[in-house]
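There are two complexes below, and they share chain A, which is joined by chain B in the first and by chain C in the second.
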Partner chain A sequence: MERSEEYIKNERKKEWRVELQKKTKAKDRMSIERVHMTERAPEDRIKSQRIEVNKGLTAEEAMVEATRCMDCVNPTCMEGCPVSINIPKFIKNIERGDFLQAASVLKETSALPAVCGRVCPQEIQCEQRCFYVEKLHQPAVAIGYLERFAADFERESGKISVPQLAESNGIKIAVIGSGPSGLSFAGDMVKLGYDVTVFEALHEIGGVLKYGIPEFRLPNAVVDVEINNLRRMGVKFITNFIVGQTESLDDLKKEGFKAFYVGSGAGLPRFMNIPGENSNGILSSNEYLTRVNLMGADAEDSDTPVLRGKNIVVVGGGNTAMDSVRTAKRLGAEKAMIVYRRSEEEMPARIEEVHHAKQEGIEFSTLTNPIEYIADENGRVKQVRVQKMKLGEPDASGRRRPIPIEGFEYIIDATVVVVAVGVSPNPLIPNSVEGLDVSRWGTIEVVKDKMQSSIPEVFAGGDIVRGGATVILAMGDGRKAAANMNIYLKEKYLSQKVEN
Partner chain B sequence: MKEFNSLDDILDFAINEEQMAADFYTDLAAKMQNQEMKEIFEQYALEEIGHRPKLEAIKKGKQYKVAEDKIVDLKIGDYLIDVDAEKTNITYQEALILAMKKEKAAFKLYNDLATITTDMASKKVFLMLAQEEAKHKLRFEIEYDNNILTEN
Partner chain C sequence: MNKIVEKENFSEKVVKLVVEAPLIAKARKPGNFVIVRVGEKGERMPLTIAGADIKKGTITIIVQKMGVSSTKLCDLAVGDYITDLVGPLGKPTEIHNVGTVLCCGGGVGVAPLLPIVEGYKKAGNKVITVLAARNKELLILEDEIRKNSDEVIIMTDDGSYGRKGLVTEGMEEIIQREKIDECITIGPAIMMKFCALLTKKYEIPTMASLNSIMVDGTGMCGACRVTVGGKTKFTCVDGPEFDAHKIDFDEMMSRLGGYKTEEKDKLDHFQE
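Moving on to the complex of A and B:
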């Protein structure tokens, strides 16, 4: 897909765009207030894990919000998008009421628009680069809300378009892991004519989108539609298949796969290594969320239940911590609390998620660090000893680090503790493939922007390279890897020199 | 308990401690299955050896002073359980815990020696050595804070 600056400019000069540009004066566009996302009331939504918090925009709201977009000559918002969506083009299609065309523009470069419209941190990416923020210091055009609107409209209309595909070249490509990075890569490669098979270790496709992100933020049905879209494009999916165990990379090579994209993610939970951490009732956020999101443990009659309790303590301040603590609330916790050793300002979670958590009655104990878990006579956790912290003076890097306040320790009651302090890369591929360069963090080393590993036919991206990042950055890696693997394969197998 | 009869004695002891720490990391490096972890422990060993010239320079008469500002103690390692140094598959998180605890123990040793000694010149040397170890510990704590405690 052509994405040059000239292409973007020419698109902007199309007759319908010029007509729209003239239709509404700049000052009238700027006088419109940013749309507010309608949410389900906290007391209603916490009744179920499956009730989505945000309701989405109506067509009228979307068209008005789209009118705010200035259709800038130099759309800086696009520079903030890791998958380079033609943002003004899809938004202007919404403004003119052609919602299906808007969805089609999204799919030119994004395999998962309905997902990204829900979980991307637009406030630090495209929206942060919006004209309104950069030049007017006003709220950005709600690009994320509009993306979700267009993708949802298409899905609900039933008129789901399939992007244009190149003629098949018969070259077999294996994708290891069906998370956002693998799916994004698969989408681009199938468009280029490759024969793509995605291998997934679990019984469901979607990786972290399914096992990690709760349905109140991202319904599985939304993910499934995007996956089915890839199926319709020709991507094959094989579940319950662990590359490195079920079969090795070499086995797959013997079966004719010419190149590999490793997007196996960061599914290895990290713990704090403090006393008592092995007590019963302390689990990783990976386990907690997977049991609920993937195995349906929120249902009373589930075959694979999860521990419930009155007092749930979740350790950490990222999105996973927010997902875990809000899940605990929905599972009936009377008191669900975040314990985080830095201040709220430094929480890596999205502001929206912290806001929603507070609305739902989640307690926040910041500048508080667990230092020991205390178990009962049966080895089951009953309390957490915590150390109160304060922020120190900025160090050489300018960062204020938390320092313990001498003598200020206390006890918090806990029936279940969920540890959400970060994840490490899945070790299976890094440990099982000879010749693969791996960092001290266990991540696969790749050539930056090419995503090619020390083994030329193995590319990698997403959390297995980054160690823990966002859905959209993982997708961006998938796109870069696809573009570069295409060059590599064409040169190697199709005797076609490709301009870089 | 070891007796120190001169400042040179103290410095020789400290130089030997640095060498022992370097040997400890070199042995660990040799045991590691993972190449990257081998390199990390080799790097730690080099850092320990790198502390020697400063001590040797002081022994030869180079002036030193004990900074008045206390080195920040994030106390990250204080709450963590010990890592089994006999393992052959130590992770990077565990390597940092090992290093933080080792530096803390060295700091405590010199600080305790400074507390119990009555000779002011010796006290000053011990305090300087304690400060050096506190700096080394802080270097590992910052690495742990930046890379392991990313979501906490």
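Moving on to the complex of A and C:
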């Protein structure tokens, strides 16, 4: 688990790495063009919610792409990774054809490599810090594609390695929420020898990876393999259990749990509080995606209904908005449209998702903002009144602020409207635990970089702390929390000093 | 867990199930609800808790056959397991000793009313309960309610039992007879709406427990949103009980029909 600079440097000096470094000239490496991901044709893939868009790289493609990587002395890409994956080490393993070893490098620091390879915004993380981008102003090494390749190879090979576990120390730890943050935390803690139990409120493990992100982007089978890995490592999972409701934190303490990690996510969907918003046919992206992804409402034989319609309007510009609008297309919408108040440049969605959405025929109405919903005589939405916007000076987020153009309004027809304008923290844990410091936004306050809350044995991370971020940042929090909880517990219960 | 240990058919469409759920039995309070799911293709469905036995580790739920999911649940037999059962959810009823409380239940709304009636009685209140049903056959839990009430008035639409008339007629008579300090109403939305209008006239603080559409029941989906005092609230985490005088019942009733067409399609498909 040690990730010191010296360790990284020593790894780079290993014989096999030096050999590879010498094998191909820098000039030749740089002359290779970045690999293209093979995708299923838009007209085929929109027929089902369950067909993954990206097909993944072939072994040959992956090895060529891995050759592009310069194995830099100072790998800046790693600074861009919230979980500090040893990027050159895993990529060079791909270059030399040892794909299983590449996967095992990923698993040193990431509990969910096959997930991250698919959903991380690499273009603003590792790949943005790649030598090619920073120094050559050329396309980055396709780190995300390579990560996915290595993780998929391992999974499909059936030779899944279980990371080395420390000897069991018998200390019981509870994880609240089985999303990416909780899973990442659980993975690290079980490796350190703790007895880890994950409590999940829903009937399925995986949190947003299951209810939120659609299978055309992240197949459930991929998530399940990663969850089963954790099971094999000894992590216990309990579904249908809401900490704070089914049993309190104090009850769990009485049952022997010594510390807690809260990764309960950003449950509450935000709405815009505009007239007509509670009309039928207007729903949150959480509801829409949960019905389809978790409850399987896209299938005829599911008991859960979902609203279908001709004209679907999705409000928002993030990944969730893209997921919703592309889901609508797959459920048969003739017209599926994004309505976003800023311009395309400010959209927080991954570039690839916007690109895929456009290929699939999604319409984009940018610089427009809903101001009123108009319902029919049965209370069902039929139209959206939108306000045309323009961009002003940058706001606190650094993006240019949208300003209404007075008097410029018009009507869009809509049979279903999905509101994807963000989420607020789930109030169940903050409300049920006494003595827990909570911000005025409802997020749990933690000591930065330690992820420790105002109650020493309670740590927290992911959206319950950040209020709405990404899978990988949530995972990074889980790792940080695990490292710091380990120090806290070893000192408290085992009288051991631990160097971080 | 989740094993059905007892089943009683109250009527053709209403079933009582006693289910093994020791943790929920221990944690539940009046006003709480659970979410159940039957089968791997099953829908998540909120249901109120009618009672619990901590010693036996069971809870009692009362289900009315409405659509596919409730029918599947009602069709389970003793010894069967409910695929998923989670709770208790929602904020419990705020029960204090306030003096005289008027409790009004209609249809299967009497089920969640029962623990609240028990709670009010235990807290030392004088409890007057008005039960309403379409006919004698559909009246449920009369004995249990009587055990915990100082007075019970029964109203049926067809006069087949108790008195003929609406719940509000029974209520108004009590209100005119003596001072009521607090009122709670649980039943069909239209009934709660008229109960609220009546108690508003007499300025009696009134709570109503809502049965909105939900998916997760933990604050995540927002399907259960309801306008209370001009503000949007989530029934699952902010409720299920709200100040009845502030609820927009017309919007609530409209939202209950938000998936009417889709639900009917599912039911037709199921019955084929």
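Quick notes on this structure:
Heads up, the rule we're going with is that the second predicted complex is superposed on the first by the 491 of 500 C-alpha atoms of A that agree within 3 Å, B and C clash if a C-alpha of one lies under 4 Å from a C-alpha of the other, contacts with A are read in each partner's own complex, and residues count from 1 in each chain.
Everything below uses one rule, namely that contacts are C-beta pairs under 8 Å (C-beta built on N, C-alpha and C of every residue); 3 or more make two chains touch, one makes a residue touch a chain.
Bear in mind the structure is a predicted one, so any value in this text is a computation, not a measurement.
Partners chain B and chain C, brought together by superposition on chain A, fit side by side with no clash. Of the two partner chains, both chain B and chain C are touched by A:273. Of the two partner chains, chain C is the only one that A:307 touches; chain B does not reach it.
When both complexes are overlaid on chain A, the residue A:58 reaches neither chain B nor chain C. In the superposed model, A:401 lies in contact with chain B only, and not with chain C.
Between the C-alpha centres of chain B and chain C, as viewed from that of chain A, the superposed structures give an angle of 70°, to the nearest 10. When the two structures are aligned on the shared chain, A:422 is found in touch with chain B, with no touch to chain C. By the touch criterion defined above, A:168 lies against neither chain B nor chain C after alignment on the C-alpha atoms of chain A.
Once the two complexes are laid over each other on the shared chain, residue contacts for A:157 go to neither chain B nor chain C.
Shortest separation of chain B and chain C in the overlay equals 6 Å (C-alpha atoms, whole Å). Judged by the document's definition of touching, chain A residues 273, 277 lie at the interface with chain B and also at the interface with chain C.
On the chain A side of its complex with chain C, the touching residues are 201-203, 211, 239-242, 245-247, 267-269, 271, 273, 277-281, 283-284, 286-287, 290-291, 295-296, 299-307, 378-379, 426-428. The touching residues of chain A, counted against chain B in their complex, run 270, 272-275, 277, 315-318, 320-321, 340-342, 348, 369, 371-372, 387, 392-393, 395, 397, 401-404, 420-422, 424, 438-442, 468.
Residue ranges on chain B touching chain A, taken from their complex, read 34, 36-37, 39-40, 72-75, 79-81, 83, 91-94, 97, 142, 145, 147-152. Taken together, the chain C residues at the contact with chain A in this complex read 23-24, 27, 37, 39, 41-44, 68-69, 72, 83-89, 215-216, 218-223, 225-227, 232, 234, 237, 251, 254-255, 257-259, 262-263, 265-266, 269.
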